[in-house]
């Protein structure tokens, strides 16, 4: 069945598979100390224009959020996030599992607003009872957000400024980062992220890898980070699996190419939806398209194509999500267009 | 450099890579619900002759131990393990991180003895203050052990009996299981493990996979295990990566073949060591060989081949470990022999 | 200085001190197994008309919430609470510290509404992705609430019904319970609480004890609860300290008397505020009174009497809280009245 | 029945009760910010000759160990302790509950040896795989130990020296400290403890208080310690309860007097045992006496006096413990003597 359900339905970009084959019989040291991890780190540092960045590879997104947030926070601190943030909703309490509260703030189209963050922090320190409360120890944002939206450079700068004033790190979840670096009017680049964030991760799983996320600590990593990764059960013996993939993704711009394909396909699909008079739930510049379907349409279409049911709109309408990916082809879009 | 350092230095068996290529563009559901996971589970159930087994795939060994032990224990319980057990020593406190004490018992050649376990349990319940202590809630063993030794069927049966009498589960860490199922006089089979253990895992990472371990709950899995896996940050979006690998490992006996190669190479190497008069630290039937080297030998050899320094033997000798694997060839053994 | 800041500013009711003196040199067993604990439990069972209740004594409120919630929840579950609930705001993340998310719902005057709870639960189980989310494993309410309000019997019954339908326990935090059992038109009694709640605690610290809360499990307590209490660092060696206090509080209705005094003084004070034209922030039947003060009034009054600054009302007004207690006298009220 | 079972069977020294009565109706601020806490801290600073010490009061011993160890350790660190240490055995896993491994070392008469600690630390850092293991982050000792023995000043100095060389804190559990400061040939004083330890606690519960332990951080306390205490559920609203008790214990040498009484009674009892030819399990200078009883003696005596069964000695003998306390009188000793 035709699938626009998500961006992790296929395996990996063929260049990655080829590299796994080419290097397969090389005997390499374990736990991320091999030359491919090293090379991948150098390429990422260069792409971020951040020579001093410390980089680590982890297997998945929830794992990455859990390990990074737990190691950046003091035990008495929590993490500020949008109420719709992935860590707030869809990670089965992985953050709380490590002892930290997710301090949920209101959001707009999936984005935290700098003034909301500032107001929360000011309110916290202005409250004489704040030593009885969870200290806000970092800010978590997603880019692209769960709603496929993007922060502008200005917005990022403002949130980063608030964090700096309160001396807490800004951490950006880039599970779908490739799809946020790839549009026509892209405002925020990897070097921007390195400049504004204390830590962020470059998502591999959803942008053409078999698995894997690259965590970039732009200033310095938590002490004994590898030990902490292992303590969380997250250290792969064959670290090469992640290093080889990211080395490939950051060779010849493959990561950006993967992103561009998805956004190009999404734009093509947007035009189809618009031309056919479908109603957009919100405007998004990335690989996720949110459409308000009549419930009969929903049922009919659901028999022929996979997509994600997002939320109820009203009694007779539902918001659904169509996602393109690095693997979506023009034929896929045409096939979907034919069904609409 | 020639490497006998460990059994995870190469990539994956080529059949696995081929299967990843063959299935790469198939659009599959996520989180382990795809058909390859299903097929792999069926093949493992069959290999274990345990139709009712519930099977889950995780990415690595420490992660598997952490998730399984944490979900099988009540919060007030700890896990009994040998003082030399992997969870006791080399997992960076991943078990304690989830709130559980590792109750360390003496061992013999890496093995827990049934009488030690029974005596500990009897002592615990005989102590009137035991409600102020950590309840022993399960028994953890490794097979092969960290010393490359194996439990006999009799030993396994006895430990299993003790567990049954105290109504606590027996969990077996099979990180190197393939190398324990493959010798000439193999006593313990997969169906034996399914019969005697409440849970065990079949190690993939060290037996020819890129990553991945298959957890087998022989009676029933902890409730909402998938949610618990996610809560631990251990759920891969592309569950196919694990399913495809285990589906391949359990097709045409590849898993056993991988094990057999390693043991055959180890036996060849054992003969070389014996013929040349090297001193064995202990006898092992699996892929790990422990040799007592004079320190000068150690230094000289260390310049030409990678092996693992195990522990100091005395002032002038050191115990070292040579490991073969699914990837070791006769040429490798011959090359090492030439250096000895 | 005159204090209406809170209800824990004095020591203990003198009858409690007297009982501590009378029993001081008795040699008693430890950890809550003494005869005073036993007697106190029996008196509480009787007051609750709940013969099968299991009762435990803990030292403080946050501790009680932490231990009870952690032991009633499965590891993958969180606790539903009002956004203004004590565990949501003022317990320094003690719940998250034990690995559980506080699932915050909107509230009305500090109260959770049954329909909000039901809607949340229905939404959760209706969401096909719910196994990626935190399972709602219990409901937490406070009575009196942080706003001094009380649930009606009807409201309690409705929430209890929702919990029963979803098979999750209802837990009531009675830190100030004495002040909620003592008004003129009291609707909810101890037997009602025992009927509608699976667990609740009878607050001692704020109702005339030196320290101590009595947890009542109306059906059955979590297994090995004493061990769990110790594991949380919450088991007092001299359990008698808590048993003697609750034995006294539940002799000759002292607990209710303490509550009645506070409510009588609060009503007297309410009349003063009303007569002098002060503006009430909300109506409350218990020992807490919320008044909207002009900021100049606030400053002037703040020099002569202690009260609690609650929250900003608008640019020129502030909500403040005056609390009476078991120890408040008519002279105290008169002295405050003279300042208004 | 005559009781020599432990040192927490009675209430509190009468001077403490009197002080609670005298201060009962004073309206005081909560959470340890009252003037009695302040006064108690000053008196303790003076007794320790440590003007810069930061002091906090907690309710019980396991709680104190849990909070102090958890806050002094980094998340990836464990605590070195004797295999017989209280945290290793009798705290229901309260340390592991907070995520930290107890690294158990061999002991002699309950004491850790400096050379064992040094050897463990040297071995750890000498192990090339140590980043896969739990970092030893502090040393925990008890004084008096669980066996009633005491460290000499020299031994303390040596352990302290090892800790300093490895830059990890030394923490001393003084649950029974009063009984270790009170003998005739006392070698280690409070100022010694302040000089050699980074943190220690002065036990109140077992030395004449209703409850309470005073934690002394001799250099500086963990950041936001009060918030951390609350997060652990350990912050009492009526902090006065602890402050008043310690203020009294450190007025007119009451703490030392309580200790002296117990040791004087123990010495009297030791003479009785010796004169009657009883066999001592080990020599102790504090309030605990360990005797090897024939099993028939054990049974007969057990009908008339409470004591603690320690461990099996051989088939026909058992080690038992007799404890005196601040509350033991000469009549008690005489009564016991009459039974021997």
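Each chain carries a letter (A, B, C and D) given by its place in the written order, and its residues are counted from 1.
Definition applied: a residue touches a chain if its C-beta (ideal position, glycine included) is under 8 Å from a C-beta of that chain, and two chains touch if they have at least 3 such contacts.
None of these values were measured; they are calculated from a predicted model.
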For this session: Going by C-alpha centroids, which chain is farthest from chain C? Tell me that one.
Result: B
Problem set entry | Chain pair showing more contacts of the two, A-C and A-B | A-B
Exercise. Roughly how far is chain A from chain D, going centre to centre by Cα mean, in whole Å?
Worked result: 50
Problem set entry | Cα-centroid distance, chain A relative to chain C, in whole angstrom | 42
Seminar exercise, completed: dist(centroid_CA(chain A), centroid_CA(chain B)) in Å evaluates to 34
For this session: Would you pick out the residues of chain C that each touch at least 2 other chains?
Result: 75-76, 91-93, 97, 99, 131-132, 227-228, 230-231
For this session: Going by the contact rule at the top, pick out the chain B residues touching chain C in the complex.
Result: 70-71, 74-76, 99, 131-132, 135, 223-224, 226-228, 230-231
For this session: Please give the residue numbers of chain B that touch chain D in the complex, ascending.
Result: 75-76, 78, 89-93, 96-102, 104, 128-129, 131-134, 309
Problem set entry | Residues on chain A engaged by chain B in the complex (per definition of touch) | 1, 3, 6, 8-12, 14, 17, 20-21, 23-30, 59-67, 91-94, 97, 205-206, 210-211, 227-228, 230-238, 240-241, 306, 327
